[in-house]
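Notes follow the structure.
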Amino acid sequence: MTKHAPDLASAVREIAAEMKEKRDRGEVASYIPELACVDTGKFGIAVVDADGEVTAAGDCDEPFSIQSISKVFTLTLALGKVGDRLWRVVGREPSGSPFNSIVQLERERGIPRNPFINAGAIVVTDQILSGHQPREALGEILRFMQFLANDDSISIDEHVAASEQRTGFRNVALTNYMKSFGVIENPVEYTLGVYFHHCAIAMSCRQLAMAGQFLAHLGRNPITGHSVVQPERARRINSIMMMCGHYDGSGEFAYRVGLPGKSGVGGGILAVAPGKASVAVWAPGLDANGNSHLGRIALEALTRRMGWSVFGA
Amino acid sequence: MTKHAPDLASAVREIAAEMKEKRDRGEVASYIPELACVDTGKFGIAVVDADGEVTAAGDCDEPFSIQSISKVFTLTLALGKVGDRLWRVVGREPSGSPFNSIVQLERERGIPRNPFINAGAIVVTDQILSGHQPREALGEILRFMQFLANDDSISIDEHVAASEQRTGFRNVALTNYMKSFGVIENPVEYTLGVYFHHCAIAMSCRQLAMAGQFLAHLGRNPITGHSVVQPERARRINSIMMMCGHYDGSGEFAYRVGLPGKSGVGGGILAVAPGKASVAVWAPGLDANGNSHLGRIALEALTRRMGWSVFGA
Amino acid sequence: MTKHAPDLASAVREIAAEMKEKRDRGEVASYIPELACVDTGKFGIAVVDADGEVTAAGDCDEPFSIQSISKVFTLTLALGKVGDRLWRVVGREPSGSPFNSIVQLERERGIPRNPFINAGAIVVTDQILSGHQPREALGEILRFMQFLANDDSISIDEHVAASEQRTGFRNVALTNYMKSFGVIENPVEYTLGVYFHHCAIAMSCRQLAMAGQFLAHLGRNPITGHSVVQPERARRINSIMMMCGHYDGSGEFAYRVGLPGKSGVGGGILAVAPGKASVAVWAPGLDANGNSHLGRIALEALTRRMGWSVFGA
Amino acid sequence: MTKHAPDLASAVREIAAEMKEKRDRGEVASYIPELACVDTGKFGIAVVDADGEVTAAGDCDEPFSIQSISKVFTLTLALGKVGDRLWRVVGREPSGSPFNSIVQLERERGIPRNPFINAGAIVVTDQILSGHQPREALGEILRFMQFLANDDSISIDEHVAASEQRTGFRNVALTNYMKSFGVIENPVEYTLGVYFHHCAIAMSCRQLAMAGQFLAHLGRNPITGHSVVQPERARRINSIMMMCGHYDGSGEFAYRVGLPGKSGVGGGILAVAPGKASVAVWAPGLDANGNSHLGRIALEALTRRMGWSVFGA
């Protein structure tokens, strides 16, 4: 029994209880119709510590749309396939702009700032797709998620995927725009088909925290013992999560939470306490930057109680 | 004798030797005439570990113009004076723009993105100045530096200050621009006078690493035993260094070095390994983003050898 | 016999001869493959005076792709259909940006600056299309051109249309982007299908100068006697041509030529000397702003010789 | 007696009466304190026809601050001094941005888009100043105005100049910004001193319409018989007025009024009907673009009644 295990259990339980009571819960994303009807009363949290033990509370087993959190995993997959050549078509600097801005693309000739804004994640998907059929690429991404979470039941919510495909005009715009600069290699509808579908993967906090373990432990999943990536690569993915994981609210997340993290417009956040834990929270209401409002508050409380900030403990 | 002390000593010595040999050394800043003549052959490094022991090599005792590194200390001082009210006049998000961009200011009504781009640091200086004469404010900043480094010999290089004051048209532009939005409280020439002078503080790597200790140790200087700021504030300043410390190269620094750090156009970088060390390097040649070229390479090598990255060790 | 008729004939003849000799002829547009192979040696000019008499020279009877010159006629048609309601979805200010910029759209929530940049012309086409099949809308546009030029032989170059449809990723981006703001009413592929086709209308200088007559004569074609639009509307369309007809080179065209005009990337320019003449020139080589290089020079020479500048004669 | 003289007299009289009655009169500029207290009830108009006859009504003899209208005359003066070399430091394209935007300057390395936005006019003033004392340059500008208007009583309102000099932080920002690119030759305070003072010249509508005559008549003042500039230059200045004379409302002015014109934030507009008349109106209330609200409406009514639009009559 590790020294802080009792702390963690009560911290998780108390934070979950506190979040359930909060009045100000943010607003659900309205631009994806299928997500607009999710209950903002939901709150889930799951923490996997260094021994692989899971501490969870609230709606921790209810699947939700992971949306942009999938970008962490597609980045990992793409780096595995094309290595550092990936950085020829996408940067790794914070953008200073909202998640779907097109302005930066015009100035920088179609090269997105980082893999976690929409344009950058679409480029990453395009790199995974290269030379394959959309169905194959999507299958590969899904199997990778199942492998990481050690759970074959993870699947794609086709209603959400279809909803985005019907309404995602801005993503179609971004992709065609990059295509006009030669940055996108595959047909736009192929790349976007895969992108919309991997964003529509549904996972619970528990599954997500499991999948994130390799980032907390130098590339290795301590439960399965699988080595997913080299230590250097795990650190580097964490650095990109820290710098760019919350769009134009990345500075705020670093300031308040002090961990690498990636949010999704479905209300989830995956956070990584290097050497200590992989954490997933879910609260569907969003703040003005499109990040989970209560998710961030819960992570701030957890990090403070556990002394997990990478900026000093 | 701690376990890694020998490691650190040889790491520092070897890195310093290696850096002295490098051919590609970057370019000195040309826009401040007084800095344009600094010898790019210089390289210094100093590390203060958790026990307050200093390991140093190369030109580690030669004072250089700390320039924007001073912004870390003025931020600390301003937070001490006005607390979180500071955040009403400056943000804490990466800017996605070069250090002296004025574009973001137009879009966001004169509120700079963060305290480490020029505009933001000028606002911070303006807050320190408030209600005082420039001479007093400057004296306070200098005494704070001397107190942090525990060294009364630290002084301002008046030639550098005068050089900037003669040629810093863009900073005059930024300040007047913010003044037009009501963000600057004092007369422009007062605020800029203090700003140009604190940027012209000259320190050696050894002095700088000493001064940075409180950030590595939850606000407390382990040598003097002085508590400079609360632990929470130290963490938060580190987070801002991580997110914004290298202008438009902040993502690159996080990706390669993995530590909070702040660069100056004089070629210095102060980096913080929380709980472990305060590090200062100096190499006058700059990269395209205005950050020390060899300084960053040296820190990358050091962090890797010592396993100091905050993103996993 | 009008006093200056002889002048005009010799002016046109001499200018055409002079243009044929020019060495520096600009570059053909490369982004539409089908246009990239047009011979830059071509030069045509046709002037229709107030009596409906045509003076022409050079390759004045060779059809070329009118491209963006079609925007003058679709604007006229759209104003006829929806009147001033058109201005709810498109502005009438110069954009200060290149013809295919997307930046302005982000700042102004999907409303293009004017009907003569690509985004604006696409919105205009979308308004013409409303409630019809693409085939019908396109037929209407083509018949309008034939009616204006009094020439049923005018047709669409399907190769050019297909070439643009295959490669026009940026226009697809612009249209989807506007659609994301609700500015585009029809399916993107319908609107763009019509747009790409009307840009691919092929006309000779003679036909184009005939079609432009109503703009020179307060809305009335002096040859056919047909009233196309009210005088006020003709003046207003001319004003938009003056302000926005040459993208980011509109100021230059006004400064040098002094007439309302609209250029196309196929190398054509339609210019209007109010009360005096309708002029079409064609020279396929373009300048840096995407406007016909020799076309502008020829019009400058013609205007000066004839004293046609609207800014003083 | 010319045919339309009676028409003009009644048009001017009726328009003046109508404007006096208008309820919606716009808002006075608030950013120059001295201008904020001008009575929005004022309305003046003066027209000088081709015979040099003046038709005037309302507050046509009350001096007001001509502000940016002075830019037409400093442009004329600068072209006389440095000729086309002027275009090395300022462009002649519409800016697509508000009058005091700094964004465009960053993108285009300190070269303002045109001589009629603030930055451009400051560059023009800097060119006039070159090699002289501010006092001399200002004297030269004032004497030029007196010469053009044939009226030695024209003077500078020192209160307005002082008011701008105290509060014009944004103009100080623009000037220092351009200086950082090497575009400004003289000390910033010299150039701005002259700029603020020539903007503070006070003139009545009658004086202003007199001064504008050379632009309506190919560079020659028909009353005094003086040739001010060559015909070509008069046309070109008119073209710049048309394209850029009303900041981000230039398209609107061309669309509605159809004449080259230049507005000032004091509520004045100078408009030129080539070959026909020079017109000045004054109504202090401004629209959202900073142009005289009733001034534009009055000019639209006048142009329509007189058939003076350059876009067709």
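Just so it is clear, A, B, C and D label the chains in written order, and each chain counts residues from 1 on its own.
By definition in this document, a residue touches a chain if its C-beta (ideal position, glycine included) is under 8 Å from a C-beta of that chain, and two chains touch if they have at least 3 such contacts.
Computed from a predicted structure; not experimentally measured.
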item: Fraction-based call for subunit D against subunit B, same above half, different below; value: same
item: Most distant chain from subunit B by Cα centroid; value: C
item: Geometric centre distance via CA averages, subunit D-subunit C, whole Å; value: 32
item: Interchain centroid distance [CA atoms averaged], subunit A/subunit D, Å; value: 56
item: Whole-Å separation of chain centres (CA-atom averages), subunit A against subunit C; value: 48
item: Touching two or more other chains - residue numbers and ranges from subunit A; value: none
item: Chain-chain contacts as defined at top; value: A-B, A-C, B-D, C-D
item: List of subunit B residues in touch with subunit D within their complex; value: 101-103, 105-106, 169-170, 172-177, 179-180, 188
item: Subunit B - residues contacting subunit A, complex; value: 91-97, 104, 113-114, 215-218, 231, 234-236, 238-240, 242-244, 248-252, 254-255, 258, 260, 274-275, 309-313
